[in-house]
Each structure stands twice: as structure tokens, then as C-alpha cells.
Amino acid sequence: MNSKPYVREVSKTTWFLSHPRYQRYMAREVTCIFIMAYTFLLICALGSLADGPDAFQEFLNALRGPWGVLFNVAVLAATVYHSATWFNVTPQAMPIQRGEEFVPGHLIVGAHYGVWAVVSLIILVWGM
Amino acid sequence: MSELQKRQIQLEVLRYNPETDTAPRYQTYSVPCLEEWVVLDALNYIKDHLDPTLSYRWSCHMAVCGSCGMMVNGEPKLACKAFIHEYKEGQIKVEPIANFPIERDLVTSVEDFITKLASVKPYLIPKEDKPVSAGEFKQTPAELKKFKQYTLCINCMLCYAACPQYALVPEFLGPAAISMAHRYNQDSRDGGRDQRQEVVASDEGVWECSFVGACSEVCPKHVDPAGALQQVKVASTIDWYKEHLMPWMKR
Amino acid sequence: MAKSNKPIFWGLFAAGGTVTAFVTPALVLVTLFAAMRFNMDMFTYETIHAFAAHWLSKLIIFGVILVSLWHAAHRLRVTAHDFGIRADTVVAYVVYGLAALGTLMTLVYLLRI
């Protein structure tokens, strides 16, 4: 034991820039900003729906500008990254033991992607 | 007899002498390395031939004792498992593992980790008192498999070096300690989960974790502490709902 | 060290993360198509209002929006901390307040549809 141990400081604001692993983590985390924003877009859609056909048309018109397209593209990128990162870690968070062995991770992940495809198809068919 | 292939490697090693230095500095050594060497071999060469004052921890040289954790080119690694041939550029920076105070050169203070590990009661707490005369605990292969993975931890602390939450919040219990709690919670012979939850389910316990996953990426024994911590979160959440929605239920 | 109250928020975060992982990308595609003026006759007031007026639709819509809000809110709380903002209690009130506001708005709008 010595009386002068040296403590290395870590920046509270820029620590994640130091390694690609942390950069990927922060990219995953900031998807929440896009998801929050998009959810409020949906809420606005509901509000305009409740207010009647004119209000709803106003909402659609606002959505149809270049900013509307840009926003949706940005959210799409964020939400797809969220989905992929979420599915990929599911076996770690919820391992399934059948008998002695654990269900292989790639099966669990694959099943999630499969369900994602089916659910997406249903939503797209309904929405179009 | 032909000379064995040797490659001259530049090792930039952090030095810190608490008696004379106010801050760490780097010292570069040129080391002739054999093809199959690991960073630990290079350090031993330095100590034996170039600079006997260099201080570092090591023991088994086969990745089971957990002593030689270091930052090798910024990555938490066991020095005995960091192969020289992986470093094609021939420049290797060796520093003490991150997020621990430096005692001297590559030696860090491990006190914080040891305290935290002890705090999770990392030992079997049987459900009821069972005298030896009552016979042994029986366990099926499936029950063993349930926690086996988490027994492989060698306490090397690479996960603490990789974890940004431990870097930012020093009170955080950390990956290895919580994984060890999980190891016992998952053991069919154990009944001590409630006792461990006081520490594990606190704000400085598992809830400081944000599932960065760096710990599992650097773990040399494939323990997957990140997985253990998420499972602890799930179990703790179910606990919480049981406690608050069905308080009459005895656990 | 007392046991945390984080579980309630984390439970919603986990539920919301799962739901948003499955449904949000396709939903965004739908709104993207609307923004790009694809298939305009599908986005008439009558069709969408008729769908949203059904009690089952309202339940689903409320459920999806609820968990999406609280998932994003909790992650925002953690992200703020990761960006160096240490006033966790203040951040918690702000993000969960936002989620609560969204929840209330959704409730009100759905009741009016």
C-alpha cells in the first residue's frame, strides 16, 4: 500500500469517443430521441384525427414537406438500429434452458427477426 | 540450428513511482520477441534483461489466475493472452487496467473490487440448515448448467476496466460482483437471494448498468457478465411487481 | 443501501423496447409513404378514423404509444447521464413528465375520436 495512488480521470462528457465500442453504444442510446419524437408525431396525428377532417388534412400537409420526409427517414434509420441491437441481445437477457442445454442464441435472435418481418408485413398491408 | 524467428517490438510502458513521481510517464523498451510470445513474455524480458525496476502482477501465465490484467493498446487484456503476433505494427502500449488507482507502474489497487465482491455474499447460503449427517446436496446436470458459466470468473477485473458506468460512477457494484451474486442465486442449493438483493438491487447495484456490454466483450473466460446483469434486472423487476402488487405473498 | 425504485421504469423500458423493436420500423415506413405521397387514397380521413374509432384499435394504439413513450423516456434519462448531465432527479422529472404528458394527450385524443 502506498500513500499516493494515482487516479486517472475520465471525461464525463466525451468518454464514449475513445473507442468504437462506446460509439456504437451511444448510437444505440440516442435512438430514443427519435423514437420519442416520432411517438409525439403519432400523438399529433391522433389529435388531428380527433379534431376532424380539416385538421387531419392540415396534419397530412405538414407531413408532406421535405422536412416530413427527412424526419421519417432519420427515424427509420434510428428505429431499425434500435430493433437490430435489441433483438441481438435478447438471448443474453432471457436465456432459455430446455433440459440441460440452452437454446442457441442465433435461434432466438432469428425467431425475433422472423416475427419482426411478419409483424411489419401486417402493418404495411394494413397501412397501404 | 537456425535462429528462431524474432521480431523487434517497441513496448511503450506506463511507469509511475509514487515515491518520486507526481504523475505517470511512459518509457519505451525495444524487445526482441519470439513469434509465439505474449505481452507478458515481453514484460518478463524487460524485467530480466532491461529494467528490473518495472513492477507488474502475473502468476499462472495461462489465463486462469486473473493476475495480469492490463490495457494493451487501449484494450483491457490479460497480458498472458495478448499475443505479440496480433500487433502487426510492432508498437504496443501497456498501461495498468483502467478505472483503478495506480499503485506503481502496472500495479493497481484492487481494494474497491474486493470490497464489492465480498458485499454480495459470494458463498452458498443454504435454504435451511442441513447437518453433514443428512447427506450431500443433490443437483441434476441441468441445475448445474444453469449457473456453471458464471463460476468461470477469474476475478481479473477486465470487465471493470471496460465498463464505462464503473468509470463514471465509482460506487457502481460492477459486472463481476453482480455476476457472482447471480451465480449463487441461480444455484439450486442456495437460498440467499433475498440477502444479496439488498446490495444487488440498490441504485448503485445492478441499476447503474445500462447494458453497454463492454464487459462481456472483454471477458477472457466468456462468462458474459452483461447477460447475468440483465437477468438480474429482469428478476429484480419481477420481484418489485410481486412485492408491490401482491404484498401478501410470502417469498 | 436501499432497494431501488428503478424496476418500475425499467419494466416499462423493457416492454416498450420490445414493442417498438417490432412495430415502429413498419409504422415509420407507413408515415414515410404518407410523407412521400404514396398511395394517397389510403390516407383518407374516413378510413383512418374508422379504424381508430374501434375500441380494440384504441386499446392497441394506447398500449403501443404508452410503452413507446416510457421506453424512450427511461432511455433518455440514462442517455442524459451518459452525456455527463448529473442532475438525475431533475432529468427524471423532465423525461417522465414528458412521457406522462404524452400519455395524457393520447388518452384525451382517443376518447374524443
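Should a chain be cited, it is by its letter among A, B and C, assigned in written order, with residues numbered from 1 in that chain.
The rule is simple: a residue touches a chain if its C-beta (ideal position, glycine included) is under 8 Å from a C-beta of that chain, and two chains touch if they have at least 3 such contacts.
Given the structure is predicted, the values throughout are model-derived calculations rather than measurements.
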item: Pair exhibiting more inter-chain C-beta contacts, A-B or B-C; value: A-B
item: Furthest chain, CA centroid comparison against chain B; value: C
item: Chain centre separation in whole Å, for chain C relative to chain A (CA means); value: 12
item: Distance from the mean Cα position of chain B to that of chain A, given in whole angstrom; value: 30
item: Averaged-CA centre spacing for the pair chain C and chain B, given as whole angstrom; value: 38
item: Shared-contact residues (touching 2 or more other chains) in chain A; value: 12, 16, 29
item: Touching two or more other chains - residues of chain C; value: 78, 82
item: Junction residues of chain B, two or more chains touched; value: 164, 168, 210, 233-234
item: Touch list for chain C against partner chain B, complex; value: 1-8, 10-11, 14, 78, 81-82
item: List of chain C residues in touch with chain A within their complex; value: 17-18, 20-39, 42-43, 45, 48-49, 52, 61, 65, 68-69, 71-73, 75-76, 78-79, 82-84, 86, 98, 102, 105-106, 108-110, 112-113
item: Chain A residues touching chain B - in the complex, by the definition given at the top; value: 1-8, 10, 12, 15-16, 18-19, 21-22, 25, 29, 89, 91-95, 97, 99-102
item: Chain B residues within the chain C interface of the complex; value: 164, 168, 197-199, 201-205, 207, 210, 233-234, 236-237, 239-241
item: Residue numbers on chain A that touch chain C, as the complex places them; value: 11-13, 16, 26, 29-33, 35-36, 38-43, 45-47, 49-50, 52-53, 56-57, 60, 63-65, 68-69, 71-73, 75-76, 79-80, 82-83, 86-87, 112, 115-116, 119-124, 127-128
